[in-house]
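Two complexes, one shared chain (chain A), two partners (chain B, chain C).
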Partner chain A sequence: MKQASVGRDIALAVGAFALLAILPLVFPNKSLADFVVRLSAFAVFATSLNLLVGYAGMVSFGHGLFYGLGAYSFALMLQKLGLSVPLAFLLTMVFSALVALVIGAICIRLKEIYFSFLTLAFQMLLHSIIIAWTAVTGGDQGLTGGLPRPPFLGIRLDDPRHLYLFCCAIMIISLFVMWHLVRSPFGYTLRMIRDNPRRTAFLGVQVWRVRLLAFVVAGVFGAIGGALMSLFVSSAYPDFAYWTVSGEAVFMILLGGMSVFLGPTAGAAILLLLNDTVTKLTEHYSLVLGIVILLFALGLRKGLLGFLVEAWSKRGAQTSAPATASRH
Partner chain B sequence: MDFQALLDCFSSASCVVTQTTGGLISGMLLFLVAAGLSLIFGTLKVVNFMHGSLYMLGAYFAYTIYNLTGSYALAVLGAALGVGLFALIFERFFMSRVYGSDVLMQLLVCYGFILILDDAVKIIWGAEFLSMGMPAAFQRPPFMLAGGIVPAFYLFLIVITLAIALALGYLITKTRMGKIVRAAAINPTMTSALGINTALVFGGVFALGGLLAGLAGALAVPVRSLVSGMGFSILIESFIVTVIGGMGSVAGALVGALLIGLVRSFGTIGFPLFTEGLMFVFMTIVLIVKPSGLFGKEL
Partner chain C sequence: MATSSSHHGTRRRLLKGAALAAGTLAFPMISRAQGKPIRIGVPTILSGRVAQLGISSRNALEMEAEKFNAAGGLGGRKIEIVARDSKGKPDEAANNTRQLINSEGCEIIISAESSAGAFAVQEVIRELKVLCIHTNSETSSLSADPKIRVPSAFRVARQGIHDAIVSASHAAKIAKAKNLKTWMTCSPDYAYGRDNTGLFVEYLKKFYPQAEIVGEAWPKLFQADYTENLTKILQAKPQALYSALWAGDLVSFVDQSSIYNLFAQTNLFAINMADYTTLTAVKNLPAGIHSATRYIKTFPANAENAAWADAYKGKYKDFPTNWSWENATAMSFLTAAMKKTNATESSKLADVLRGMKIKTPFGADGTITMRAEDQTTIGYALGWGTTIPKEPYVVEIQAGDWNAILEHEAQWKKKMGYV
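Up next, the complex of A and B:
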C-alpha cells in the first residue's frame, strides 16, 4: 500500500511539474513566470515553517532567520567563493542545518511563547549581524554586483526560462520530501508531541530530540526558500532576515490553513497576490496587511483552504465523527 | 574586537562615568518597557508582542504635546495616560478575544497591530527621523563627576525611573490592589468566584503596562530620535531582559535591564560589531544555568 502511494505521489509531482512547465508556453507572460518563481521560494519557506507550527505545535516567530541565512550563504558562496550552483546549494543546506542545530538546542528548551520570542530574537541577531558586517554582507545595501550563475548539467540559470524550471523543480522536490516526512513515523511523532508531549515521553520518545530534529529539518527547507529567492533577485538584502518575513510566513500558514499540507502554499500565493495588488494601489501596504491579518486572526481561523476542505469533508462524510476533522 | 579600547576606558575614570551613566539611562528606559511586559505576562499569561509599539506611540504623543504646549511635564503625563488608555482599548476589544486560543492567534493580532501602527505613524508624522531636542528646563550645564559628563536630564531620568520602580514594587507586593492582581494571576477563576471583576483587573494591568511603555517613550524623546518602527528593537531587548530577570518579576526586570544597558554601553567600545550578540551570549548563559531567569519562579 505504501509503495502504491509513493508511486502515486511521484506521478502527482511529475504531473505538477509538467503543468508548471507548460504554463509559460500557454501564457507567455513575464510577470506570471516571475510570480511562480517568487511563489516557489515562499511556498517552500512557509511549508517548512508549518512543519514546526502546524505539525509539531512549535510556534516559531523567527523562521525568517533561515530564509535570510539561506539567501546570504548561498549568494555569498556563489559570489565570493565562486562555487558551482549545486555545490553552493548543498553547502547552504549543510550550513543552515548546523546553525539550526545550535539555535534549536537553545530555543527548544523553552515552551510556547518563550520559544516564539527566542527564535525571533535570534533572527534579529542575524539581521543586526548582516547590517553591521559590511565588509562581507554589504550592510544595509545588500549584496551588490549580482550573482554569477555558472551553468551546470546543461542548465543555464542566467536564462529566465531555465531559472523558472529550476525553481519549479526545487519547489516540487522540497514539497515532495516534506510531504513524505509528515506522513512518516517522524511526522506522526511530531503530531503526537503537539497533542500530548507528556504522554509521548511516557511512550519512550525523546521529545527534545524529535523537536530539535524538526527544527533542523524546517531550518534546512527554510534556507532553500531563501536560496531560491536570492537566485531570483540575483542578490541578498537585509530585509530577507527582517522579522516581518517571519510574520508574513506565519500569516501565510494561517491564510491557507495549517491543517492541510498545501495550505501554506496556497497562503503564500494569496499573500503574494495581495502584496502585488495592494502595492500597485497604495504605498501603505503594511496598513492594509495589518487590517487583513486582524480580520483573519479574529475571524476565519482555519484559513481558506482549511475552511474549504472542512466544508468538503463535512459534506462527504456526514456520518463520520466531526470532531476528528479539525486537526489531522 | 577591541580589547585595548575597553581597557583604556576602564583605566580612565571619566570614560567609566560617561559610559556608566549612558548605560544606566538606556537600562532604565528598558526597565520601564520590560516591567510592563513582565507584569502583563505575569498576570495575563500573554506576551504583548506589540509592547514596543506602545513605546513608540508614547514617544510620538510626547513629541506632539511638547510642540503644542511647550511643557515637557505635560507631554510626559499626557503621553503616559494616552498610551495607557490606548492599551486598555486594545486589550478590551482585541487582545481579550484571543486569550483562550493558542499563542499563534495572540502573536498574529499583535503583529497586525504593529503593522497598522507603524504605517499610521508614517502617515501622521512622516517617515523621516524626528528629534525634539532637550526641553528648556534641562538646558543647563552638565554635572561633572570625576572628569565624566553627566547631563542634568540623565540624572532626572535615573531618579524618576528608580522612583517608579520602587512604587511599582510597593504596589505589587504591599497593597491590596497588588494582592488582587497576584491572586488573579495565580487563579483567575477562583478570584472571580470571590467577587472580584477579573476582566477589570486584566484590563487594568494591561493599561498599567501600556502606561509604563508610554512613559518610557516620552522620557526617551529628548535623548533618542523618533522613527516609525522604533519600538521593535526595544521590544526584543525587553524580552531578553525579562528572560534574564525572570518573567513576571519587577526586580528581575530592573536588574536585567540595568545589566543589558551596561553591557551595551561598554560593549560598543570593546566589541562594536558584536554589541547585539553580547546580549544574546548573556541571555543564553542565563537560560542554560537558570532557565526561569535570575529572579524567576519555576515555569
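Up next, the complex of A and C:
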C-alpha cells in the first residue's frame, strides 16, 4: 500500500515536471519562464519555513538566514572556488545543515516568541557579517562579476532553457522530499509536538531532538531556495539575508495557506504575481500588499489553497450526505 | 514561340502581380514598424526613502524624450519610457530588467538604479546583451573593473574616483590657505560612504601631506539622530570635517550641527551638499559650507544649463537633481546614437556610443565624451564652491581640472590592477 502511494507520488512528480517542461513550448514567453524560475526558489523556501511554522509550530522569524546563506555559499563556491555546480550545490546543503545544527541547538529549546526573536537575531547577525565582510561578500554591493556555470552532465546553466528545467527539477524534487517527510512518522511526530509537546514527551519522544531535526531539514531546503535565486540573478545580495525575506515567506504561507502542503507554493505564486502586476500599475506596492494581506487575514484565514480545499471537502461531504442518508 | 512568349508574359504578369501584392502587404508592415514606439526600460527606485532618485531620473528622461519626439523621433518612431520600481532591492532590479526586455518589448535599458541595483542590472545585461546605460551609479568599479564591465553597458554619471580627486585637490588648496591640519570624517556606514571617504582621505594626504585624520564617525544610513557623532566631533575638535552624507541624512546632520554651533569651530566639506533638494531642505542653510556641485543651474555657467533647470522646474514644480542631469545626458547620448545609425539595434548603437562626444550644457567645456576604453563619461562639469543661505546657494565655484583627474585616474587604475 505504502509502495503504491510512493509510486503514485513519483508519477505525479514526473507528470508535474513534464507539464512544466512543456509550458515554455506552449507559451514561448520568456517572462513566464523567469516567473517559474523565481517561483521555484520561493516555493522551496516558503515550504521549508512551513515545515517549521505549519507542521512543527515553531514560528521562525529568521528563516531568511538560510535563504541568504544558501545564496551566498553557493555563489561564492562557484565564483571564488570555481567548483562544479553539483558539488557547490551539495556543499551548500552540507554547510547550511551544519549552521542550522548549531543555531538550532541554541534556539529550539526556547519557546514561542523567544524562539522567534532569537532566530531573527541570528539572521541579522548573518546580514551584518555579509555587509561587513566586504572582501569576500562584496559588502552591500553584493557579489559582482557574475557566476560561472561550468557545464555538467550535458546541462549548461548559462542557457536559459537549461536553467529553467534545472530549477523546475530541483523544485519538484525538494517538494517531493518534503511531502514525504511530512507524511512519514517524523512528520506526524512534528504535528504531535505542535499540538501538545508535553504529551508527546510522555510518549517517550525526545522533543528537542525532533525539533532540531526539523530545524536542520528546513534550513537545508531554505538554502536550496537561496541557491536557486542566486542562479537566477547570477549573484547574491545582502537583501537575501535581510529580515524582510523572512517576512515575505510568512506572507506566502499566509496567502496560500499553511494547512495544505502546497499552500506556500500557491502563496509564492500569488505574491510574485501581485508584485509583478502591481509594480506595473503603481508605485504604492506596499499599500496594495497590505490591503491584500488584510483581506486574507479577515476573509481567507486559511489561505487561498486552504480555503479551496476546505470548500471542496465540504462539497464532497454534502454530496455524500444524502447518499448516506438514503442508505440509512 | 508564341506559346513561349505567352508563357513569359504570364510569368511576367504573375511576377508583377506578386510584387504588387507583396508591396501592398509589406507597406502597412513598414508603416507599422515606422510608427512602433522605441520602448526604453528604466529600472529605478520609485518608492521608499530614496524615491526622489527615481522620480527625478524619470522626469529628466521624459523631458528629453518629449523633445526628441516633438522633433519627429527616429523616422516617425517615438520614444516611450517604461519605468519600473525596484523598491531598492537588487533582485527586484534584476527581475524588472528581465521583464522590461522580455515581456515589455524594451529595446534599450537606462538603468537609473542605485549602485547595488546597477550591479544587479549589469548581470542581466551580461546575459541578454541589450544596450544599457547606467545613470546613477557612481561606483567606479562598475565600468573601471574589466571583470565587471559588459560590452553593451555604458555609464553616464559621475564616478567616485573623479569626485575624490577633485574633492581632495580642492580641499588641499583650502587647507594650505587656511592651515587646516586636523581633519575628521563623518560618512554613512555603507559601501558608498566608506569608498568615497577612503579615496578622499587617500588623495587629501597625497595633495596635502600635513593633513592628519584625528577621528572618524560612521553614522548608519538613514540615521535620524546624530548626537553621538556630533559629540565625538566636538570632542576631537578637528579644524576640518569631510562628509559623504547625502540627501535627507545630510539635511538632518547639518540641522543638528547648527544646534551645536559646529560650523563656528570647524570647516565642513560636504561633497553632496550642492543639490537643490538638499540645499532647500536645510532649515537655515549656513554660509561657508564647502561642497561639490552635484547639480546647480549656475554651474557650468551657461544659458542652456539655466534654461534647462528652469524648464524642468516649470514642468515638474520641483528642482532638478544630480540624477536629473545624468539621465538627461544619457538620453542625449542615446538619441544622438540613434540619429547617427538610424537604428535602435543594441550592437549598432554600442558601436557609435564608444568614443562619442556630444554637446551638452552639463559638460565642463560644453561637451561630454563617452570614453571608449571603459565606456564611461568624462569631461562633465565638476566643481567645488561654498554655500550662501539664498539663491544661487553656492558661490565661488572652482572647476576641477580634467587633465589632472585623468592623470590621477590612470595611476589609480594601475594600482587597482584594472589596466
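As a convention for this text, the second predicted complex is superposed on the first by the 315 of 328 C-alpha atoms of A that agree within 3 Å, B and C clash if a C-alpha of one lies under 4 Å from a C-alpha of the other, contacts with A are read in each partner's own complex, and residues count from 1 in each chain.
Going forward, a residue touches a chain if its C-beta (ideal position, glycine included) is under 8 Å from a C-beta of that chain, and two chains touch if they have at least 3 such contacts.
Quick caveat, the model's predicted, so the values are computed rather than measured.
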item: Overlay on chain A: chain C relative to chain B, clash or fit; value: clash
item: If touched residues of chain A are counted for chain B and for chain C, the larger one; value: B
item: First (chain B), second (chain C), both or neither touched by A:A297; value: first
item: Which of chain B and chain C A:D159 touches, first, second, both or neither; value: neither
item: First, second, both or neither for A:E112, with chain B first and chain C second; value: first
item: Partner chain(s) touched by A:S286 [first = chain B, second = chain C, both, neither]; value: both
item: First (chain B), second (chain C), both or neither touched by A:G247; value: first
item: Intersection of the chain A residues that touch chain B with those that touch chain C; value: 284-286
item: Chain C residues touching chain A - in the complex, by the definition given at the top; value: 46-47, 51, 84-85, 87, 89-92, 94-96, 98-99, 102-103, 115-116, 119-120, 122-124, 126-127, 139, 141, 145, 147-148, 190-191
item: Residue ranges of chain B touching chain A (in the complex, touch as defined); value: 46-47, 94, 97-98, 101-109, 111-116, 118-120, 122-123, 232-233, 236, 239-240, 243, 247, 272-274, 276-277, 280, 283-284, 287-288, 291, 299
item: List of chain A residues in touch with chain B within their complex; value: 53, 59, 61, 106, 109-114, 116-118, 120-122, 124-125, 128-129, 132-133, 243-244, 247, 250-251, 254, 284-287, 289-294, 296-298, 301
item: Chain A to chain C touching residues, read off their complex; value: 29-31, 34, 38, 131, 134, 139-142, 144-146, 158, 160, 229, 232-235, 237, 239-240, 275-276, 279-280, 283-286
